[in-house]
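The two complexes that follow have subunit A in common; it is paired with subunit B in the first and with subunit C in the second.
Now for the complex of A and B:
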């Protein structure tokens, strides 16, 4: 209870509370006013008042004088429930808790394995066995960073995780190697490059920046296929739904949420109102755009004087980003987007993906 | 039959208020003869794709919306007088178009839509001018909501001072209710807080703009690729709008020597394409009739209802899609059945029940008020007569007062 509201303030409210609780009987029976006894001072506890208010509705033969006590309360009901004050005795009672606070338990021993290692740990969407073998993740962004770490030959290990574990709310993130001096803090994906000081090619030029934006239509098509096409529902279940929960009701809700989030993300990239849902998305347009984008990438790769994008000697962040999407399309969406990737530019993109996988030591 | 291009109306000394609409108008006016197309001032609620610019091609009976889709449609189904030899797809062209489409809208959104000063003094009035009443009550806020989402990842929501002020007031109320002593508002603001967020965050805003402009200035906007030139003009001309109170974006573009070519490009393009040319505007009688506007308003109003709105939006999108397919003689079997009737009836019943509940609640006497009260009876002068007097007084004077 706030210090400004004294007991005298709370009287009308308590009165209303009691009438709200017991008022129905009172509207039928007549109210017999009673004179307030002397002990009923402002200091009297709330409980007594409530009891008093309830017995008020019982016909009372002891009434000696008629008075204006009940009608003296304002006839307006309180504006809202927020105005109801917590009764002081209840407040003081609850203030006594907690009675004892025990020290927190130590984490189970196996968590030592999960959150500390002599190697930096990359937390990604993957399965336990795949993580042990450091096989490619099934999430494009996670796969990008996993690929980048492997391309730069950075020693690391991967562990399966979920978005809930990440400080940014989305995977991947990196937990640096154990150091005795300070507890290691998680590094979000955007700062991994700086943190590990990866030996990467110089930052992108203006021309490369424009090619980076080709990932938007590719991403849209990937999201559309995986989340919104009924033909990939089983894939979606395997990737994200079944590992999260076994309850079918929760699975349904989760699928619904993921789908509307994917639709909203696609709509947003097209300046459309994010509430439009799947029907607002033009499927034909999505697939025409991804074909154009893939053709542009294939054209760029054919012009490059090396095997990698922009004539670089070593594959870099851009190559890893493109690989993240194309590899998943090739492996999991063979009939749809994978077919497009294979066809475009005479298969140059597929050969590019195989080269990257080889560089990473993924013999698939 | 002539193509019909549905666009947002003209504003801010530009042929349209929306970038992609400007680009589409410029592209058609350069590549197609006047006789082959009409421009129709419209708003998203009047077209089945619910997105502008939208192109209706009567010969294929198709709706196409969005600038790149319109480019693609025109190159696949060219009207008789169409000429654009430059439209050969190349890697850089696709990349450049995609870059403009994904990086320029957030900047425009920050300048014209997120910033509450610019929105309330320039953008919103401009929308009000080009929309028939009562649509300005519905549509601009939808556009703004979409644009705010578009710029969300840049983390500049503090430009929306209205929303910030609301948040602050709510926090203040909460702390007052909790009984904290609060500093009076006049003493609370530091110098930087009293300044407009466009000034305090100027450096960050300029950096965001320069990241994009540095790339655009390296894109070849010379003769050749008409589609790319039109899109670049559309975005740059909106960035250079001077009619706003907070001109950080226009000042960033004009302030640097490196971007002088971009400003020059905009001026030259405007002179070449739009100066002294009247565009083939046409009126759309159907959607501008009182009935059409009423229908659009009602539809928009339902979309604003909290929970029901998004469901309605989704359903009407499905309905429009079905209709578009049926117009082309195609069946839309995979789409869900029409269950709008059930939805409407359910919603109506809920609203009715709620209304009745509220009415009933209001009719109840205030809780705690006494229904019947006994008052002291007025003394009428029979007291001196003893028992007989008491009997008399009960006969002559009403002892109860009802209310």
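Now for the complex of A and C:
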């Protein structure tokens, strides 16, 4: 701080006026009489950034909260807090407050649709009208679980959502029906079967396990077509890009991110470096492999003594998983992969898909 | 160099001949000028020359904007007095200092009487040579540091490029990382318009990741703002008009996130136009004891050509004031003051596009208001008021909040000490729009007709007055540092709604804006 001397004193306010038009507007008044060193502005911006800080000094805060909300929270272990227990008179005072407690505020409009459901809710990629009618999702994994719930006649509803909402980072997930005892926690896809105790056929045998690997080339071909083939760009937009945002710049960014993720996923499944870029992917190989896989599936289905895979009486998780991909190929990729599905095994796979759709009540 | 007036004054404006310390003869001149000030304030005077020393990196055109009007109004032959000249000079130097490119404590103005040249006809006017010496602030300031608070610790680096093109343009680049604001990058380019330090335009690019524990999620922001700022006509008034386009991504939900937060997860682009008006006539913003503050923020998002994914009109009004309390028998400032503050906010959903009557989408969590916290409605947790879904504060579309407080000097301190005792009571209501039309079909589609929006907003505003507001009261210590205010309060909630999160006991607040 330097004393203000010199001739300029004859001009009032010349010095201590530091009115900033931008950011924080601040006047250094005569009372403080500070000159402004260079670091000052940096410090100023710091204080703009942190505008609050709180400490929690009352250990019984949790108890207060339980008293205020209808939902019960697990009781706290009191032992570790014993030393910090508040003196009795203060505790008595605290217990008197709040003096008045009103009923809770109503939740915003967007919530009301999502809350207070007596049914478990499956969050999937879909559109609002399709969700209302519980029509098939356009995402293979979402469609698999949606199909399973329908096949097992589990009462549920579906809602459109995005990967950001999911606890695992990808859809689908299930939100259990509202119960008064505890706030419902989301169930990731891998635990849906256990959670709902779905009446599924017995777990797959070792032989059947090997068929799971056939899903990889099918998945690769589906990803490759939808995300990396320019001819399906419009489909990709309709599925994943347009519902997210109307901004073309954000759409471009999202599309780029999705495409990179799809390429990385395909490369990873082929034990190549995921950052290799889509140039590393051999398109011919992708489509040869999917045909082989589909032929193997068709062969298995032809050998089955029932209409479902592995001679089961009822379709199970594997059937739903296959249906998830094949149905979308048939419906949306009629000229490409859909054509292959129709051709192999004399159309046995297409008939299989129609049976599943029928079982699910999708009259399509 | 052709000087402003073409006299024989030494040239310095082009920066070739800059001096950081004024030469000795200026001191003599100063003595002469003070003498002159006393005796000849009303004598006719004009400006013979103006020199600016030390503005090495500043463009001549910028200085012209400041000094040309001064020179034109005080040129030889004009009917100006010494008082006029000094007044105008004071205005001009203040303007110069507002560019924020010169060191505040190195401003010096020297005035001397110009030598009469033979060719000029003798007049009774005193001609003045004016010499202004300035020191430019360093053009590049790089700083780094750590910030801490009780719930946030962060480290930052900041680079400030001042006066980049010589026209008082500033570029500030900032990067920080912390526990709550996990990362933030920000670049702001600011320039005065037409050489006027009071009219500025700024372009701001930002990218940040912030944790929002009160609503169990993280928000990623990427976008930009274009901002015009100008001073109002009256004293201490500022206006800001901002166009902003920001991609918000609500992601990384906590496992306990409520369905409300899950429903709003994902991407949205907000394209909006915001006008902010501030009239700050408080004696001290950190410790107001007299005067008042008026602030209004009006935002229009998504409607008409703005586009984007969200559409609404949002307005927020804030006023606060303080009066000193006199004590009979005590002369002068007692150090006791009474203050009050009032805030009100409203979000009105609009249809996207140009229609006024089409279906509108209800608000999202990142557009709704949050209320409560140590610098807001004290005695509540951050976002402690309003609708709560489980433990998530999901915000509301309409709010009103108010506070009364009394500042008292502590015993054995000066009446102007920055440390005070304060008593306060504050409260508020935060209400979300409700569906007036209970038909399940419309609910399912998450759209509201314009009639329905109107009735919902009307009844939400009515709901503000339903029962007492949620209130907390307490007592605390206030420390007003010139850059921020610190509070340590003990408070108890008096009126609450179920689900709202009050805080019993101690609470610390640090900030520059308090209710």
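The working rule: the second predicted complex is superposed on the first by the 252 of 364 C-alpha atoms of A that agree within 3 Å, B and C clash if a C-alpha of one lies under 4 Å from a C-alpha of the other, contacts with A are read in each partner's own complex, and residues count from 1 in each chain.
To be clear about the criterion, a residue touches a chain if its C-beta (ideal position, glycine included) is under 8 Å from a C-beta of that chain, and two chains touch if they have at least 3 such contacts.
Computed from a prediction, not measured in an experiment: that's the story for all the values here.
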Completion exercise
subunit A contact check, subunit B vs subunit C, more residues touched by chain C
Practice task
Examine A:295 and indicate which partner it touches, taking first as subunit B and second as subunit C; both and neither are also allowed.
Solution key: first
Practice task
Considering only touches as defined above, state whether A:305 meets subunit B (first), subunit C (second), both or neither.
Solution key: neither
Practice task
With the two complexes superposed on chain A, say which partner A:280 touches: subunit B (first), subunit C (second), both, or neither.
Solution key: first
Practice task
Take the contacts of subunit A with subunit B and those with subunit C, and give the residues found in both.
Solution key: 2, 4, 15-16, 18-20, 26-27, 31-32, 65, 68, 70-71
Fill in the blank from the handout: Per the touch rule, the subunit A residues reaching subunit C in their complex are 2, 4, 6-8, 10-22, 24-29, 31-32, 34-36, 38-39, 41-58, 60-61, 64-65, 68-71, 93-94, 97-115, 123, 128, 132, 159, 161-162, 164-165, 167, 175, 183-186, 244-247, 249-250, 253-254
Handout entry: Touching residues on subunit A, where the partner in the complex is subunit B
Key = 2-4, 15-16, 18-20, 23, 26-27, 30-33, 65-66, 68, 70-71, 73, 75-77, 82, 206-207, 209-214, 216-217, 268-280, 282, 285, 288-289, 292-293, 295-297, 299-300, 303
Fill in the blank from the handout: Residue set of subunit B touching subunit A in the complex reads 20, 49-51, 65-66, 68-69, 72, 89-96, 98-99, 101-103, 105, 142, 145-147, 149-150, 177-179, 214-215, 217-219, 303, 309-310, 313-314, 317-318, 320-321, 335, 365-376
